[in-house]
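Before anything else, here's the structure in question.
Per-chain residue numbering starts at 1, and chain names A, B, C and D are given in the order in which the chains are listed.
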Amino acid sequence: MNIQYLLDDLVADIKATPPEGNVADYIPGLETVDPDQFGIAVAMNSGETYSAGNSSTEFSIQSISKVFTLALTIAKDEDDLWTRVSREPSGTPFNSLVQLEHEHGIPRNPFINSGALVVTDRLLTLTGDSHACLQTFLREQSSNPSIEVNEAIAASESLTGHRNASLAYFLTSYQNLVNPVPEVLNAYFRQCAIAMSCEDLARGGSFLSRGGIGANGRVLTADQVRRLNAVMLTCGTYDAAGDFAYRVGLPCKSGVGGGILAVAPGTCTIAVWGPRLGKSGNSAAGVTALAKLTERTGWSVF
Amino acid sequence: MNIQYLLDDLVADIKATPPEGNVADYIPGLETVDPDQFGIAVAMNSGETYSAGNSSTEFSIQSISKVFTLALTIAKDEDDLWTRVSREPSGTPFNSLVQLEHEHGIPRNPFINSGALVVTDRLLTLTGDSHACLQTFLREQSSNPSIEVNEAIAASESLTGHRNASLAYFLTSYQNLVNPVPEVLNAYFRQCAIAMSCEDLARGGSFLSRGGIGANGRVLTADQVRRLNAVMLTCGTYDAAGDFAYRVGLPCKSGVGGGILAVAPGTCTIAVWGPRLGKSGNSAAGVTALAKLTERTGWSVF
Amino acid sequence: MNIQYLLDDLVADIKATPPEGNVADYIPGLETVDPDQFGIAVAMNSGETYSAGNSSTEFSIQSISKVFTLALTIAKDEDDLWTRVSREPSGTPFNSLVQLEHEHGIPRNPFINSGALVVTDRLLTLTGDSHACLQTFLREQSSNPSIEVNEAIAASESLTGHRNASLAYFLTSYQNLVNPVPEVLNAYFRQCAIAMSCEDLARGGSFLSRGGIGANGRVLTADQVRRLNAVMLTCGTYDAAGDFAYRVGLPCKSGVGGGILAVAPGTCTIAVWGPRLGKSGNSAAGVTALAKLTERTGWSVF
Amino acid sequence: MNIQYLLDDLVADIKATPPEGNVADYIPGLETVDPDQFGIAVAMNSGETYSAGNSSTEFSIQSISKVFTLALTIAKDEDDLWTRVSREPSGTPFNSLVQLEHEHGIPRNPFINSGALVVTDRLLTLTGDSHACLQTFLREQSSNPSIEVNEAIAASESLTGHRNASLAYFLTSYQNLVNPVPEVLNAYFRQCAIAMSCEDLARGGSFLSRGGIGANGRVLTADQVRRLNAVMLTCGTYDAAGDFAYRVGLPCKSGVGGGILAVAPGTCTIAVWGPRLGKSGNSAAGVTALAKLTERTGWSVF
């Protein structure tokens, strides 16, 4: 299988038939990105990285950060966390409060915003500085010491993040945040505003396809990674998780910056990026490319 | 790996520490089953079948029938179906009407009751007799010509199935059933009331782990099977699908008769049975056994 | 106050500026009515009846029947009923199942469809023939022995009433209907299909403004009538009850046939009819006319 | 009718059979109140004020303040407000976010917390200092220049009001608050923390029963008052509005401090106070007393 050829072909396909959809406009700073860029990178478990298109352009990882904060939290202490957040698909938009109220302040899963706020709160308690912990981890795993927050985007989220502030106070009203709301929000916004390229991201997530082994040794146990991948598959793409599993067949986590991180356990980690979003907030080009890639390679877990 | 040894060990574990939970009591006929029976069977893609415990005792397959009616429908005509039913996890109990109303009569997926009624309606239209079609298929795939409906259970469901009648009329009010409600309900209840053993079931579902190849040749294409497995993983165990993926890591479909069908793609199909149900309506012993089995064998798709 | 002059003026206003809105189209037989008819009748407690426009034209009373079946049930036995149905505004469309599921089969109030099915079920149990009981009552109170069911409309509701069938089976699944579903539905559809004119209706509902005294003596106690009027005010116009109270200020019950019955306690009973419906299913002309009438007469209860 | 005798009798009844229920415990400062106090005051339109029990003891008016801020806003500019808040009963608890999300940030009515935050925001815009405006108004109308905020309670609400902060940020995310959240919350908490006695409150609300005429002349037009009373009747007592209308039959507004303000249009304004709350957050003694009072006096609007 000539992976480089496959990737070049995918990029050509996307360029030939650009997907519809709009760039996320509710976070100032994201809407200025050229919407028709597209990049893809594949980090094989065997060591090589293949890439094509705008694969070295940095973009805002946004919710993809949630995979890494969850991994870091699980690595330190899993028990407290799973009493405060469930592991079920939400079936509702990523920023919904409805389910959270019906379920008394316990988020459905760690990948919707409310759940990620709880994870951030826990990581803050465990480390004192969840954002620094995340940045250090991503630099190490990606072998890219220049990964950092896009401060303009972090600041713009602070200003406009009323819905996340609402979620955070709501969680606090159920005593499911223990750190002060402004601190949790600040950490959360900074984590989301980290900028990485597809190449960074594919390498950074390699421990997910390699049974927990990262750039400098074990990050998670094999069991922990299997379970994290399971949560990605059922909850990683908001209210489109079922369709993602149907079409792509891999554990994935998407972000509204247009990136998607996908894991083929035992084989490789894949990062795609295309800023135009479909209606559930997932990269339109990314979904198309991943569906074609798994169809052509047979990398589906099913 | 000595699979027979593993299965015997699992049965011993379950017998030593029987799970809590009650037998489904809302379907007369199910509640008279000895609740502490437990069986397991594994049909390897290589041909052997291993089994332990009450693996040849017949039980009511109930919602596990939904995998087979879906497969039979997909094999005949997939296009109409997917305009009438979605493929997303429901996050709500299997017989809920709430989501169905919010989503204007389009069931969330084919494995909740409303979705399965739509599948049955479609299969009725395609075949004229969905139940006969299913029974013939199961007999062939299981190599057991004596598989049939438990008429007492079918009759008791007809009498007490007010919630399913409500769902069926509700779907009809959205024009999402085209056959008369009593006919659809009759077919549905008969399909659910089919009795099979773990051994029957593991063999009957073998096409799911064998890329679509059944006892007498191809049932579905490889792509169709991958997708069906994806729907099982995200939607097969009601509002516990996320936890199932987390703990078991395999596509599964459960029934309130206490059976669970699980698929390890490329490796084997597994059937377990224990009548006591956990709070989401899945066999308590079955979940425990499957979690241990995948932990010990590494058969998780993740 | 020259009431006849006021009514003539209202009719002229409505004819000059006909309201928008459509005739109910989901009940075959209703959609053939000339949509621009408009009638009004006022039965004063002092004995006179004033009317204007198409006030002697019969129309399908539909949900207005629910006031009368509730009154008849309360007159016979109030206690059982109020354990089976609440008295709170629903805030949801008249045929919603969502709230009913969340509240375990107890309808929010007796004027939404689910609640009215429970009332009909109870009246069936109490009388053996709820429809005959209702028809006799309306004939007596209206002094019009020719009031009867429009059989064509009753039949068309039986054929198309899938949503009501769904509600009835749903209630049965919670054991909140005790009579067989087909019998309850038949009675319910026949009650809704009774045809009356504004004049009939204003006279028929006179006991509501006269402290419970009807054509042939007491129908309800003064306390019972006060409470029935309270339920009409808070629940009589579906999810527009708050706006009705705000704009009209009288207890009202509307029907999708375009009629509205309104009560000015101590003063008069009013019936209006205009087939075009606003978005909540209440007569558009009727609301406009009632709002103007209470503004000009000061008949608001507030 | 000897009103003084009736009130003394009511107080004796309540003392003889104290209601169950607990004092609101989620606002520090409220839970230290002696729970078995009970007071009532009736301000007749004819000028006299009758009272009994602990009728001159001050208590925290909490949500009763919402009637007054709504009246003050309506008096200044009604048009903007009714585009930002509906007038329908909510059917949900007073601090729910569910409906608010389903209805895209438009609160169901001005008496649930979200709606009252919008009213406060509007009054802030109109006056620059909504709390000062309210305090001045209450002092004038009650002829009690010493009415003021209980600062300890205002401060405790600021500290623990996470749910209200969540609502405020949620509204802001829909652009339905225009002033900064901390300012709106501060005004809201101070308004709720105003302390008044039953006598103050009955006099302070007199304009509601007197067609809009307050202590120093017209506060609202007659039409505006009718409509305000309509909103109180349908929305003034949270998710118990239907039952209140059924049992009491008067426009009412309750607060979790245990007070209820009731209006008998054309006759009198009534204030009751008893700290123990029923399950919907309304004073248990207050409801009982009002139901008896309207039964004995016939003051129901129905």
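Please note the rule applied: a contact is a pair of C-beta atoms (placed from the backbone, for glycine too) under 8 Å apart; a residue touches a chain by one contact, two chains touch by 3 or more.
Please read all numbers here as calculations on a predicted model, not as lab measurements.
Asks: Treat touching chains as neighbours and tell me the shortest step distance from subunit B to subunit D.
Replies: Contact-graph shortest path, subunit B to subunit D, evaluates to 2.
Asks: Just curious, how far off is subunit C from subunit A if you go by their C-alpha centres, in Å?
Replies: 55
Asks: Measuring centre to centre with CA averages, how many angstrom lie between subunit B and subunit C?
Replies: It comes to 47 Å between the two C-alpha centres.
Asks: List the centre-to-centre spacing of subunit A and subunit B in whole Å, with centres computed as mean CA coordinates.
Replies: Subunit A and subunit B have C-alpha centres separated by 32 Å.
Asks: Two-or-more-chain contact residues of subunit A, please, as numbers and ranges.
Replies: Where subunit A is concerned, no single residue meets two or more other chains.
Asks: Name the touching chain pairs, please: which are they?
Replies: The list of touching pairs comes to A-B, A-D, B-C, C-D.
Asks: Name, in rising order, each residue of subunit D that touches subunit A in their complex.
Replies: Of all residues in subunit D, those touching subunit A are 96-98, 101-102, 162-163, 165-170, 172-173, 181.
Asks: Under the stated contact criterion, what part of subunit D meets subunit C in this complex?
Replies: Going by the criterion above, the answer is residues 86-92, 99, 108-109, 223, 225-227, 229-231, 233-235, 239-243, 245-247, 249, 251, 265, 295, 300-302.
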